[in-house]
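Dropping a structure here in structure tokens format, bear with me for questions.
Should a chain be cited, it is by its letter among A, B, C and D, assigned in written order, with residues numbered from 1 in that chain.
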């Protein structure tokens, strides 16, 4: 089932839940309200139209510095400002980052019998960064959610043991956030170099 | 004391405490740094807790600090046993974001490189897990076969392991001369080694006893954990990204996907051995159907060395260089203008020009400047894209978000062996302590890809 | 001083080498040099190159160092192979301390020498900040020939060492004095 | 006495060689004992608990069965040496001896003593 039907089918089921949708570069994407996530995920898994039996990937994106980072195109010593080469034009432009919220939790589903893919995006505010956990539907979500918590600090309601998976226990902060400096080290042993 | 008269209390049940054991990061019998805390009742594994992250090197954070072509050296240290597949996956994702496609020959080169890399991955995995079961000679034979293939990869890319061969919009250089027959010879040797190892292992009493029946997983559990690749195919589900969502020229090549039945270690071993055979078949077909190599375009103007042309131009001696054609040292990377139409996507804002143009005329120089200077480089449009590729352990997906500047905003790698590792407790519980080693060997955990 | 060559040149030094090494020390050094039991602490991509070096094509066994012992109790040389992240650093330090004397450490690959191009929050920038290192083998990964060259330099260093394990003072390099 | 000279030389030789190794190792090898070094090596982590106290009874069962049948084999060696001299009666006795022990083995096997679960 190609992308348009897929998006339409999801929209018919959850008219108020779905905020916007697009299929940029052929990837069917649906923007969803946070409270509808568990419901939509369950229908995606069990509904014979979708049969999304694979939760391929679960990750998050921190959109806080999207588009604000001015790429330094001038030369410091000579002060000559050379404007960067123009962006490569795009026929069907991307409808922009999903919503003003800082974080977006991104789910990639794949259906093996019907061979189609869907991407769910759930915007999450920074104040209470919390989303329902899908570990009850897909067992693979358990570790993926622990990694998103470890790297972004987004909590998952209903997750059994939500603790750090990649970093060590004594690590303070969430490294993949845009405000975490790249080389701010917190070594367990040895000097802070 | 009268032995006959036993105390009134009922005979005490022999109280045996479970023992907590660290199958830890530096375990003598496991190639890979994870920590499995096992609760043992004698030899039986009662409960396990897996701890990973020992090789977390911050790939996704570093990818946000470099430009689009700068991420490529980081990608071939993800699954460092099959580096070319990661390169191709990342570059195809960025090309999908840019909306450009590479020429025919470049697709074939990418398929050949990926399949050779897949064979080296399976060789290392089967060899290392056989070594941990005591079959040291099979390990030596398989690493010998891997050396043949690494010499091939070195001949094409210049490096054995950290190749960085792919570029956004093409590959670094065309296949060198004489690659065909050297590749056929290397694959012939690999086939011989595979036959030898098959004879040594497949019906070996010890190997079969230790591998079959251990580390079982059903296909429903595998799908629910998101497991893909040889692990899933061993349980009977034939999902292969090259067949179900074909990319490059995989739809034109005939190969079949080996599928197991029981989903235990022995089936995974058989699936990997058969997949190596299929990969050799793919490479041979690709070598047969690959479009012709670099053709000598008709060049006008008398050739003079590029350095000389630049010097003449600097002192303004235009008459010496009018109508002349710059010729560069053939060993300079990116030289050989005749190769370029085959290996680059023809989009000026993405691919470096041939060195003859860079030193020969101002358009080439400007294109080089615009791509190389800091802050310029490739600037894809704002957008997000997900591109799955069949890695050696399963579906290797790259999810890239771009904010229009020259460095990617977010690069997320979907690591195939992450899902398999999350299912490890289900594989280990119930087996014996000695079965941890073959199960972990057939999981083929690669630190760089698991912890990124 | 006649007859003395720099220890890293790989050529044995003769007896009167400026520090007291008796005939017995030299004999022990010679014996230790050609029977190195290595503990490969393998973490990342250099492990693949270590496998290639240890196997039949580039065979490290020709130099007597072919037997990897995966327990610190039976190993002389600790090969630290691959990136050391902050999470595994305490494990590495503990294994180094549990190795029996006399012990040497070889840092294999640029990630262990200086941290390589992973200059971020997760990587230890050079393992000599946590354990003393004898031989640095740069390269990402170092080709097997570099590794064998590093091994030869280590053997030269073992040769010139006294039996009791304490090392000659590092030779003075005026050009590096700050 | 003279036929035992071979074994005496053998024991003397092995004794001196192993003794030399042990003495040389302890004399020449530098020793730097430390607290961490004396702890158990458990893959680079601090061990949870040293396995003191009760051990699963299955280990004990397997060990006893091994000793039982190992000792049985020891009796075969002297029999094999004088086998020629004993004639047919020696063979019958040994078969009876082995038969009795094999009965015990099959009983244990049948009872599942060799299975681990």
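The criterion applied here is as follows: a contact is a pair of C-beta atoms (placed from the backbone, for glycine too) under 8 Å apart; a residue touches a chain by one contact, two chains touch by 3 or more.
Remember, it's a predicted structure, so these values are computed and weren't measured experimentally.
Peer 1: Which chain has the mean of its C-alpha atoms lying nearest to the mean of all protein C-alpha atoms shown?
Peer 2: Nearest to the common C-alpha centre lies chain B.
Peer 1: Write down the chain pair with more C-beta contact pairs when A-C is set against A-B.
Peer 2: Contact tally favours A-B.
Peer 1: Rounded to the nearest whole Å, what is the centre-to-centre distance of chain A and chain C, using the mean of the C-alpha atoms as each centre?
Peer 2: Chain A and chain C have C-alpha centres separated by 45 Å.
Peer 1: Just how far, in Å, is the C-alpha centre of chain B from the one of chain A?
Peer 2: 24
Peer 1: Taking the mean of the C-alpha atoms as each chain's centre, how many Å separate chain A from chain D?
Peer 2: 61
Peer 1: State, to the nearest whole Å, the distance from the C-alpha centre of chain C to the C-alpha centre of chain D.
Peer 2: Centres of chain C and chain D (C-alpha means) sit 39 Å apart.
Peer 1: In chain B, what residues contact two or more other chains?
Peer 2: 24-28, 53, 56, 58, 61-62, 451
Peer 1: Scan chain D for residues touching two or more other chains and write them down.
Peer 2: 43-45
Peer 1: Please set out, as single numbers or ranges, the residues of chain C touching at least two other chains.
Peer 2: 71, 87, 91, 95, 120-122
Peer 1: Any two chains that touch count here, so list every such pair.
Peer 2: A-B, A-C, B-C, B-D, C-D
Peer 1: Which part of chain C faces chain B closely enough to touch in the complex?
Peer 2: Per the touch definition, chain C meets chain B at residues 41-45, 47-49, 51-52, 55-57, 70-71, 82-83, 85, 87-88, 91, 95, 117-118, 120-123, 140-141, 143.
Peer 1: Inside the complex, what are the residues of chain B that reach chain A?
Peer 2: Those residues of chain B that touch chain A are 52-53, 56, 58, 60-62, 65, 96-99, 221, 223-228, 237, 239, 244-245, 347, 349-350, 370, 373-376, 379-386, 388, 395, 397, 399, 401, 403-407, 409-410, 412, 414, 418-419, 421-423, 451-452.
Peer 1: Quick check: in the complex, which residue numbers of chain A touch chain B?
Peer 2: Result: residues 24-25, 27, 29, 53-57, 59, 61-62, 66-67, 69, 71-73, 82, 84-91, 93-94, 96, 106, 108, 112, 115, 117, 119, 138-140, 142-144, 151, 164-168, 175-176, 182 of chain A touch chain B.
Peer 1: Which residues, counting only chain D, touch chain C once they are in their complex?
Peer 2: Residues in contact with chain C: 28-32, 34, 36-37, 39, 41, 43-46.
Peer 1: Over in the complex, which chain B residues touch chain C? Could you list them?
Peer 2: It comes out as residues 24-29, 31, 33, 53-58, 61-62, 73-74, 77, 80-81, 124, 128, 139-140, 143-144, 146-147, 150, 160-162, 447-448, 451.
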